[in-house]
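Across the two complexes that follow, subunit A remains constant while its partner is subunit B and subsequently subunit C.
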Partner chain A sequence: MKRRIKVILFFAVAFLFLAPQIGAQDLGPGFTKVQDGIYVYAPDQTTTTCSIVVTQEGVVMIDSCNSPLASRNMLAAVKKVTDKPVVFLIDTEVHNDHTWNHYIFSPPAVVINHAGAAEGMKKGLDPKRAETLSKQSPEIAAIVKDYKFIPPHVEYKDRMTLNLGERTFELIYLKNVHSEADTAIWLPKERVLFAASAANVRTMINLRPHVTIPDVLAGYKLMKSLNPEVVIPGHGPPSTTKIFDEYEAFYNLLLKRVGEMAAQGKSLDEIKKELKMPEYVDWAGQDRLGGNIDVAYKSVKK
Partner chain B sequence: MKIKMAAVFLFASWFLLVSSHASGQNLPPTFKKVKEGIFVYAGRPGESNCTIILTQEGVVLIDSGNNPPDSVAVQKAVKQLTPQPVRFLINTEPHNDHTTGHFVFSPPAVIIAAAGASESMRGANTPARIQKLMADHSNMGDALKDFRVITPHIEYKDKMTLNLGERTFELSYLKNVHSEADTAIWLPKEKVLFTAASIGVKRFNNLRPFVSIPDTLSAIKMMKALNPEVVIPGHGVPGSAKILDDMEKYYNVLMERVGAMVKAGKSLDEIKKELKIPGTEDWEGKDRFPNNIEAAYRAIKGS
Partner chain C sequence: MKKSFLPAVVFAFSLVFGGYAQAITPDKPEFRKLADDVYVYIGKVNDANALVVITSQGVVLIDTGNNQPETRNILKNIQAVTKQPIRYIVITQNHGDHIGGTPLFSPPAAVIAHERVAKDWKQWKPHLIKAWRKRFPERTEALKEFHPTDAVMSFTDRMTLHLGGKVIELIYVDDTYNPGDIAVWLPQSGVLHGGFAAYKERHPDIRPDYSHGTTWGMLKQLEAIIPLKPKIVVPAHGPVGDTKDLQAMVDYLAIARQRVRAMMDKGIALEAIRKDFHMNEYKDWDRTAHLPVMAAAIYRELKGEGPEITPSIEKTVKGTITQVREEGRYLTIATDAGQTLALRAAGPTDIEGIPDRSHFKVGMKIEALYEQQKEWNDTLEIKVLP
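Moving on to the complex of A and B:
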């Protein structure tokens, strides 16, 4: 009997040692394991987030990381957690800091984003970016030498579902929230939501002229209704629906203040000079407040 | 000089070999080349079509063949045509005669269909059906040995675009035309259209209870508006937009006649007994004509 227990114990201990228990600490600084098989690389509060979701049939990547070095770190992380390839790469938006490094993963990865993404990527493409990056260091030059522009293979419209192995990814188009083609990604079984750059972490977001605050607020409402446990923003570390609440409060207060000043007959220039948001002075990206006021002014003047 | 001539000869031979491969000259007669790099296969007339589309970055297949031996024949043809893999397999519908052979191509192929396709395939591929498939087709031998049900990886809703190499594929969901998830595929540069089984060629389609003739006519109108040069139906020989015209004409005549008979006070049973549509005498699938009448009757009665 004692011998049997010893044998069982031996196998139990051996299993614990041999089973691939990869934690975020094994992947390096900036990595967070948010659930089994789901790792987020967010070097700091403001840098672009990129993530991997491991399945029985391969890896699904969300965004291709901020820089070639970050992509290289991510590729190394993939190799540590699985021997399977990156099968799909879903973009949450079209901007360079999320998409320029596709070439590091595709082929073989099939790149997916909403309709309009390829056009948006082409529009924002800096033809000298590879050259500029190469000058930063020989290490970067070695990665960038293989650069190739890779637009999405798949452009869906409105909604799409991706099934790989045991996981399901529901892709939802977010209209007018940040770039020309923004995608929220919802893993219903895992209750994990990738929120694109509709919401980041305590940072004023660059609101371009096509963005509307009512559409952004509608995006939060939709994403909150999914009742996610984990929310991964386009920039910054993983969080919860708390980030939606914070941005909702910020935009609602901004709309209220801009609305009141406009009602008093103040011009946009005057509002931009006078309006302060003291409750948010500790948020990053204070230089974007002017752009946020422009967008709020458009909304209240409609 | 002799070495130079030998090199030229070798290069010419290699070029001829490669070009004859890509042109599909050596493929069996069951394959029909409809455009450069586009080959349509049907094992027997009337069986579901399966199409190979070559691109610079890999192959796109439209449906996976009527039965696994057809899938194997297509796989063999792909290997003759190109060293590149099948990257994507787009389903025009989820029924078995278009999807059973997925396992031959995927992995590595990524399977794409309209929303609802997986559910339909799971419902159809019961253990009993799979057992029957094995029993009915014991002559399939090796073709079935790795069989497993592969449902779509990507399910789009309404519209989707696929870009691979130099080609673009525009996918449109066709509502209520044949199955639970029908997709038309349009290649705008090549002007080639895959209509799914919304239309047939001199053939009565099986119009299930959820199929609507008005929706089918809307789909035909939408597809005609694309102005295709080549039309590839779900079943039947590829042709031109005339295939769409013929089907449109048939449904319009059917609706008109059923409508007139309803107006004359005839019951559905009476209509089914009496109605004939001239010009369809040589069409296949006559046993489906009654359910075509039922679909027209539903449309007229608004039920």
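Moving on to the complex of A and C:
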């Protein structure tokens, strides 16, 4: 009897070591395994990031990916890492590159974002997007034929917590940082933060007119106070709080230069023509500098 | 069965509940349509109510029934009007007669509650979690490894559900002593589940431990929900009302607070205030037994004192049931040690061998784990009788 127990124990322990562990390399290019059960799909420095967090009670997805093909890749990844369905999909913002592909995951996924997200999604909806995408390839057309506009099922105000199985997701509203409804998602036990598009990776961000730089800086302060070990931006691969430091330095320098030029009596147009940010010439999205100056000018003129 | 030894987890609670002045709802529960896809479950004899919203993306159940038979009855009624699964459970108040039916539905249903409720659930002692898992014997297997907070969405301010074209707004009114009570507003049909604040012609059981909040908190909630001008108001307990009933409660609370304040200004001691406090203008309202307890709570509020803290200790008892009241909610136990113990078998009741507390019978052997207050407490009335 004792021998039998020993044999069973041996095989049980051996199974633990030999059982296939799914690594990011098994999921394809662009995937990173941040921690056990947390996978990030960031094809490159600027493309929209989407992620999955596996729990005992199902998968929580963060954003629905940049394109139908990316969503399909993510869905395939989900099936490789777990047999559980995507039960919740949390949006970090409202723009199409994060939300248009909800239909691929919902139903069954319950979509969550801050109050105002549905309105924001409707405002930014291009009624011809499905048609345009379908023309790109038969492969895309095959996915897009099922397209349906899916706004969030749950809209919270200020803060919300989702407990699912062994994991806790704290949803924190980020005011005026990027879109009409931006949510940072904090996993306190894992110390992993999904930072929305408040900060990306060495890329000038497209700042809409409603964004204010003081609010963006307040967002960084709040997120840094959580002391995360891993920061996952809205675009680009996983990083650390250094991305907040980089953007803080960028915006503070921008505000300083715009403020000085405005104090010299220069008009916004003149500032936009003359102002340079040579320290950031290697950042992507240089064409967005003008929009950033617009927003900075509003801040210094307040 | 009589010889079986029934381990039960029982919250010790009320020795003298005080009885109710009159029953307002009938002695049979009612499942009634209030609007398209909106139904109310009106508990019998003022048992807890529930609200049901049917959407093409599942059923939203607001509160879960007074006890296990009621919860099963709610489920049966829902299944009679729709084939949609119950996907969301919304909790309007963190008391056993509102949350206790949750394990019949979740998982897979997601539970939605205020953050203060979720935090409380996270701190539950192991015996409460065990009782939760075994509350519905048919769900024991599904809940074997499940913690009550494993599928909970909680919020701090407001939350809105958009499900198949239906809009369901969850409203929390912030107050230091709000234990996480919320109202549920259906703007498309004008139906409001007003929770604890929305009683119709019932003296509220505001307690010195503020487990139902305070009268001031109730007034703040009423101030927030009256402007919605609901056509139909579902209270936590009792008959359905409308906006006029909410306004009536505002007037009631103002009078109650003024009355206690006037007595305090005259230097009357708490015990005398408890004894002399009356609401004679509302003689036909239900639950006059709540009045002295409410007076004590208002006294604390007006003195600016926080909730009464009554430390408790976990105790076990073995004995025989000698009296069963209100379908097993209140038990008298002749303990094997020769004492008489009054127990309230509240929400998280863990009973092996019988489906639920309504099956308690005189003469049955019982083993109970309960929480005894260290001192006599008027709110959580309990003591071991000599």
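The rule we apply is simple: the second predicted complex is superposed on the first by the 285 of 302 C-alpha atoms of A that agree within 3 Å, B and C clash if a C-alpha of one lies under 4 Å from a C-alpha of the other, contacts with A are read in each partner's own complex, and residues count from 1 in each chain.
Just so it is clear, contacts are C-beta pairs under 8 Å (C-beta built on N, C-alpha and C of every residue); 3 or more make two chains touch, one makes a residue touch a chain.
In this text, all values refer to a predicted model and were calculated from it rather than measured experimentally.
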Subunit B and subunit C placed together on subunit A: clash or fit? clash
Inquiry  = Once chain A of both complexes is superposed, is A:P152 in touch with subunit B (first), subunit C (second), both, or neither?
reply    = both
Margin query: Contacts for A:Q56 in the overlay, against subunit B (first) and subunit C (second): which applies, first, second, both or neither?
Written below: second
- Message: In the overlaid three-chain picture, which partner chain does A:I172 touch, first (subunit B) or second (subunit C), both, or neither?
- Response: neither
Request  = Give one of first, second, both or neither to describe whether A:V230 is in contact with subunit B, with subunit C, with both, or with none.
outcome  = neither
Subunit A residues where the subunit B and subunit C footprints coincide 57, 107, 110, 112, 115, 118, 151-164
Interface with subunit C, subunit A side, in the complex: residues 56-57, 107, 110, 112, 115, 118, 151-166
Residue positions on subunit B within touch of subunit A in the complex are 57, 87, 107-108, 110, 112, 115, 118, 151-164
The subunit C residues in contact with subunit A across the complex are 57, 107, 110, 115, 118, 145, 149-163
Subunit B partner, complex, touching residues on subunit A are 57, 87-88, 107-108, 110, 112, 115, 118, 151-164
